[in-house]
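There are two complexes below, and they share chain A, which is joined by chain B in the first and by chain C in the second.
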Partner chain A sequence: MEWHLISPELTMAVLALVVILLDLVVEKKHYLPIVSAVGLIVPLVLAIDLWNEGGLAMNDMLAVDKFAIFFKVLILGITAMVIMSSWRYVNDKFEHLRGEFYALILLSALGLMLMAAAREMITIYVSLELSSMSLYALTAFLKDRKSTESGLKYILLGGIASAILLYGMVLVFGFTGTTHLDGIGAALADGGAREPGLLLGVVLIASGFAFKIGAVPFHMWMPDVYEGAPTPVTAYLSVASKAAGFAVILRIFFEAFGEPGWLYDDWSVLWGVLAVVTMSIGNLLAIQQSNIKRLLAYSGVAQVGYILVGLAAANAAGQSGIMFYLAVYSLANLGAFIAVIAISNKIGSDEISDYSGMFKRAPVLALVLGVCLISLTGIPPTAGFMGKLVVFKAAMDEGMLWLVVFGVVNSVIAAFYYFKVMKVMFIGEAKSLVGIPSDSGIRAALVISIFGVLLLGIYPYALTKWADIAAVLLP
Partner chain B sequence: MIPDYAVWLIIFLPVLAFLINGLIMRPLAKEKNAKYSGYITILSIAGSLGLALWAVYSVADEGAKEFSHVISTHWLGVGDNLNIEISILLDKLSATMALVVGVCSLMIQIYGQGYMKGDTGYMRYYTWMPLFTAAMLGVALSGNLIFTFVCWELVGLSSYLLIGFWYHKPSAAAAAKKAFVVTRFADLGFVMALVGIYFGMNGTELVQKEGINVFDIANLPDIAHQAITMGLISTTGFTWILLGIFAGAAGKSGQFPLHVWLPDAMEGPTPVSALIHSSTMVCAGVYLVARLFPMFAMHEYGETAALVVAGLGGFTAIFSASMGMVMYDIKRVLAYSTLSQLGYMMLGLGAVAYGAAHTSDHHEAEHLMELAFAIGMFHLFTHAFFKSMLFLASGSLQHSTGTFDIRLMGGVRKYMPWTFWIFIIGSLSLSGIWPLAGFWSKDGILLESWAHTPWFFWLAMITVFMTAFYMFRAIFMTFFGEWRGGDPSGLHHGDEHDDHGHQEVHPHESPFVMVAPMVVLCVLAIGSGWAFLGPIDANAFLGGHSHAFFSVFTEFSLDEAKHSLPLIGLIVALFGVFVAYAIYGAQWVSNEAIGRAFKPIRTLWYRKYYMDELYEDVIIRGVLMKGIFWLCAAFDTYVVDGIVNGTAGLASEVGGLFRKVQTGQLQEYGIAMGFGVVVMLAAVLIGFYG
Partner chain C sequence: MEVDITHYLVLSGILFSIGLFGALSKHNAVGILMCIEIMLNAANIAVVAFSRFLVEDTVVLTGHVFALFVIVVAAAEAAVGLAIVITLYRNRETVDVEKVDSMKG
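Take a look at the complex of A and B:
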């Protein structure tokens, strides 16, 4: 057994346990976020160290390939940024549960990392549940009415989605006789198992993960949960679990269902239609919102629609495009959420109308939020433009012009509500002129996101190069 | 051999200065520390110049004639078929251009230390200047047309910012806008050409099979040739691409009819005019044509475009010179002179390209390819030095007298001996008097246009006379005769003479920091024609041509008409000087008498052929505003706004509908999920059975 192949995951688990234990014995609890954030360097270094090695671990259940490592690094980075930016919020809101909060974040990150690497259906399911369980708890962490309600909604709907997913996996197992993705691919390869029942399995698996990434009509939990959950958890939920969800979808649909032409054509169009529906409805609903967290939730739904365009393309360019898009989306969305955390810490409201004149009160935060929203809109020179470009280009390569047209039209619609927020912040009258303080953790996280958004917007090759190398999944 | 990163640094050192000055100095530095922004700029550009020199040495070392080195990096690359590169093409052409930009820019930044002293926008000035320099170096060194285009537009932007530097002056703001709009309009041609290149040439084997980027400058002629022979693009299409590129080049280089922005651009600070509107930006167009010269010179295919280049160049040369003969603003005289000289360069390039495209003799075509660098670029090279020097001298005059109007000067020779001699040398060089730099480069152009496009040669020859005439007209009016008082209201702020009580101007020599750069450029204006001095073998560098010039002059014989050309050119130029002396120096003939005799033509010239009125009153106010724009506005108001408002309303309505579904009821969320599964399954099964 090659233990070092799973060393990032092992150290991650150890880190979570260390945080819980420290919480029991240490008096000065404000070291906990520092231990958590700095401790992430260990799995990060170990993961990067495996870049050139590769292989299969745990009886071929985990793939240690560049694809998995790309996502692991992304998830670790997101986790670090969320922890950095949240310590103030955590101190204020649930001082006595700090240890549990950071440990749960780390455990859910561990689940997401395993999801990115899993290549066997039971492992996929178990790691999915590991991350979900932690997230259910985190959602209800505020213990007020809204938070509890959203936690309950999340766990019930998540349970339904898990059941759907599991049923799909069972069907696929029944028709192919294996739970290993490469085995399924091999069994389907020579026109085997060409049955409607298998299609049912594929649809159910797709539905289960559509819930995880929040594609329409499996998105309805998102606004409620995003609004109710503690803002750092929302930020985490909006990027990390989506990234891992896409990693699993890519791996299942490329490795298991990628080979046979009859199936491949089906799921390519299926995801394409889902992409159109998701981005359109996400945008239409986002226009209506007056709460910034709900707005970002729906904008996140729309963003998933754009990413699904790359999945519908179902080619190597789409694969690396999705990876690039997820990275730049994570940077921009996190930047936006972190700015929202800082602002809501002070003004205690998430209503967009309360952001009026924010530029005069907190010029830096308003500027960061503005740049992140521009990136989410997809306007150069921010990274969001490049992300859309590469994903849409991948679809163009497959001749899916209709999909790209929908994507572009939707990007224009999206500009409406992103700009609405900016208009309020930059042109609106300030209600008060009291400045908004921000701590060093938030500032560091904002610098990272803004730097990333601009760097990848001006010189995207810095990341597309790695995404290209990491796009190793073969249909 | 210069390492790759050092070549990148040539461009990025000024970018660094721009970032430091723009992001750190301007927001944070106190007024008394403003001077450091100037030092940072000068240091960075000096660094660039040092590296550019190193690049020139390396190119010469590697055997300049054939050497070319491509350094490329991806800018955006996803999958297999989306690869946009940024690359540098280092060869004798780009190295020379980088050297010109570096030398002129450095000298002008040093000069600016004196000229801009005390200006409230000091740090702003030293923020935009390195940005411009970086963009210009990018144009020079770029090896990829996309990268060229990016830098090209940055040049346009920074030029806009610098022309409108004194934006509180309405005339400066208007001039900046005009320059930007006119050059942008011309760039439309450039963009169309890029689009044409992509769609016309992307299918060639070189691109598809060998993975060469379609915009790669070094390979573009081969790609184009293959595209034509493979039938991907017609000869006409190719000509249109070339003309599109030339349109962009003509905009930047102020070729007729896009020349109108350059004289107005003189509203900017004089060092800006010296850098941007004499030696670098306006040369970018000429450089672009030279860069893509093999395409213009392509046998049979480039002929038409080459002829257009030569013709428009020749016409611009004489057209602009005619206006230069009647202007009283010394800077505008220089501006028209610049336009005229740029026309010369285009004429030279176009003539050689036409010759090469026309001839069926393979060897002669190759020889002409070599000549192209010696002809167009050589004049660009020498002209950059003496013209920026002349601009600096005019700035020095204004610094001291408060005006650019030569009617208000006179007799300045006594007070400003350095400026006087520098102006004299620059003018002689510009007029093409032996043995100064201008003589060698200008006669090369005359020679080639006589050989290949004789009908344009006559335009060029008449222009020689006009050039000498207007330069010495300016000299006699400015430096000789009686002191006519200057303009006390125009004196530079912070100057020691700036005591508002006095209404008198006492001309004085400019400070050392302003004179020294002019002297350095003066040395180059004298010497750069003989050869590139120093360890670089001029023979190798200019394809053997610089020595050929020398022998042409010493061994000319009247038997061969060709060899007597330089002598004729010299005589014509001297005649121009003589006429100027007769009218404005000795005043044998009264200026007013001539003015009366030729009143209609003089007015026509003075009003710049009424081109400004044509553009602004007729085309813009009449055709565009009342016609096309009105239609567009109506379309926008009724059709576009209608659709947009309608869509927005519809989006809101539909969104409201969906919002009703989002009730917060868990059961309904579950139903929606189930609904989704059923619909997806139904769709997939219909696909399966159908």
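Take a look at the complex of A and C:
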């Protein structure tokens, strides 16, 4: 047993336990976010250290390949940014539950890291539930009307989705006789018949994960959960769990269902159709939103649609495109949400109309939010443009012109509601001229996201080269 | 008549459908949680049956282990779910999901 291969996960679990213990014994609780954020450096360094090594851990249940490490680093970075930027919000809103808050965030990040690495269905299921269970609790953390309601909606719909996913896994296990993804791939490649039960299993698995990433028609939970949950949790949920969801989808569909050819063609078209429906419905519903968190939720649905284009392409370029797009989307979406956290700390509202004249009150925050929204729209020189470019190019390589046409048309529709927010912020009348205070954590996180969005927009090679190396999944 | 894998799979399919129908149609949040448990246990029956009948005269243990993990996860899910339902009741004095609709659009 090579323990050092799972050292990032082990240190992550230890860090979460340390935070819980410190919460019990330490009087000065304001050290907790510092311990959590600084402690994340340990798993981060250990994960990067494994980049050149690779191998299989825990009886072949966890893959320590470049693909998994790319996602682990992404998830750890997201977690660190969320913890850094949320300490004031956490102090204000749930002072007595700070330890639990940080421990749950860390545990759910642990679940997501395991999801990115798991190559066996029991492990995938358990790590998925570890992350979901922590997120259910975090969603209901404010314990007020909206937060509890969103927590209830999340756990009921999430429970149904995970039961559906489980049934799909059971069917695939029944028709192939193994839960290891490579074993399933081998069993199917070697004379896998077009059994209806097997196809049902694949579709059920796809639906279960479509819920996790929030693809239409399994997106109904997203706006309600995003609106009611504490804003840092929303920020975390909108990027980290999507990233890990895509990691596990890529791994399952490439390693287990990559062969035979008919199955591959089937799921490529399945995700292609889902991509079109997801981006169209996400954008159309986003247009009519008046709450910034709901708007970002529906914009997130639309973004999932663009990312699914890369999955429908089902080639190596699609894989690395998805990884690049997810990193870029995480930077921009986190930047937007962190600006929303800073603003809602002060004005206590998430209505877009209350953002009127925000440029006069907080020029830096408004500019950051503006740049992040431009990146989400996909306009150069921001990274969002490059992300769309690589993903759409992967689809073009496979001759899926129809997908790219839908993607481009939808990007234009999306510009409408992103610009609407910017118009309110930059041209609208300011309701008051009181400034919006921000703290060092929020500033640091915003600098990282803005720097990343602009750097990757001008020089995408800085990340695409790593994504290309990490796109190692083969059928 | 010998009981073979088909019988178990039919039973499991029926249970899963009952659970899914209940989860989508019930008004009581606790009832929905119970229906989710039925769905998970339907999957358990199927996975143990597959495990038992997959290879002639030998038992593949993967399915049994899978079922044990699912039981643990189901218990954890019920704990978190009931905690949220209790908070909901304290807030609104109802657990009827039709009345929990302050967010729309």
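Criterion: the second predicted complex is superposed on the first by the 474 of 475 C-alpha atoms of A that agree within 3 Å, B and C clash if a C-alpha of one lies under 4 Å from a C-alpha of the other, contacts with A are read in each partner's own complex, and residues count from 1 in each chain.
Criterion: a residue touches a chain if its C-beta (ideal position, glycine included) is under 8 Å from a C-beta of that chain, and two chains touch if they have at least 3 such contacts.
The shown structure was predicted, so the numbers you read here are calculated from the model rather than taken from an experiment.
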item: Contacts of A:Ile122 with chain B and chain C, given as first, second, both or neither; value: second
item: First (chain B), second (chain C), both or neither touched by A:Leu156; value: both
item: First, second, both or neither for A:Asp266, with chain B first and chain C second; value: first
item: First, second, both or neither for A:Arg145, with chain B first and chain C second; value: second
item: Touched partner set for A:Gln288, first chain B, second chain C, both or neither; value: both
item: Touching partner for A:Val14 - first (chain B), second (chain C), both, neither; value: neither
item: Overlap of the chain B and chain C footprints on chain A, listed as residue numbers; value: 153, 156, 160, 164, 223-224, 285, 288
item: Touch list for chain C against partner chain A, complex; value: 9, 16, 19-20, 23-24, 29, 32-33, 36, 39-40, 42-43, 46-47, 50, 54-55, 60, 62-63, 65-66, 69-70, 73, 76-77, 80-81, 83-85, 87-88, 91-92, 97, 100, 102-103, 105
item: In the complex, chain A residues that touch chain C; value: 121-122, 125-126, 129, 133, 136-137, 140, 143-146, 148-153, 155-156, 159-160, 162-164, 166-167, 170-171, 173-174, 177-179, 223-224, 227-228, 285, 288-289, 294
item: Chain B-facing residues of chain A, complex; value: 153, 156-157, 160-161, 164, 196, 199-200, 202-204, 206-207, 210-211, 216-218, 220-221, 223-224, 266, 269-270, 273-274, 281, 283-285, 287-288, 315-317, 320-321, 324, 386, 389-390, 393-394, 397, 413, 416, 459-461, 464-465, 467-468
item: In the complex, chain B residues that touch chain A; value: 73-82, 647-648, 651-652, 654-656, 658-659, 661-662, 664, 666, 668-670, 672-673, 675-677, 680-681, 683-685, 687-689
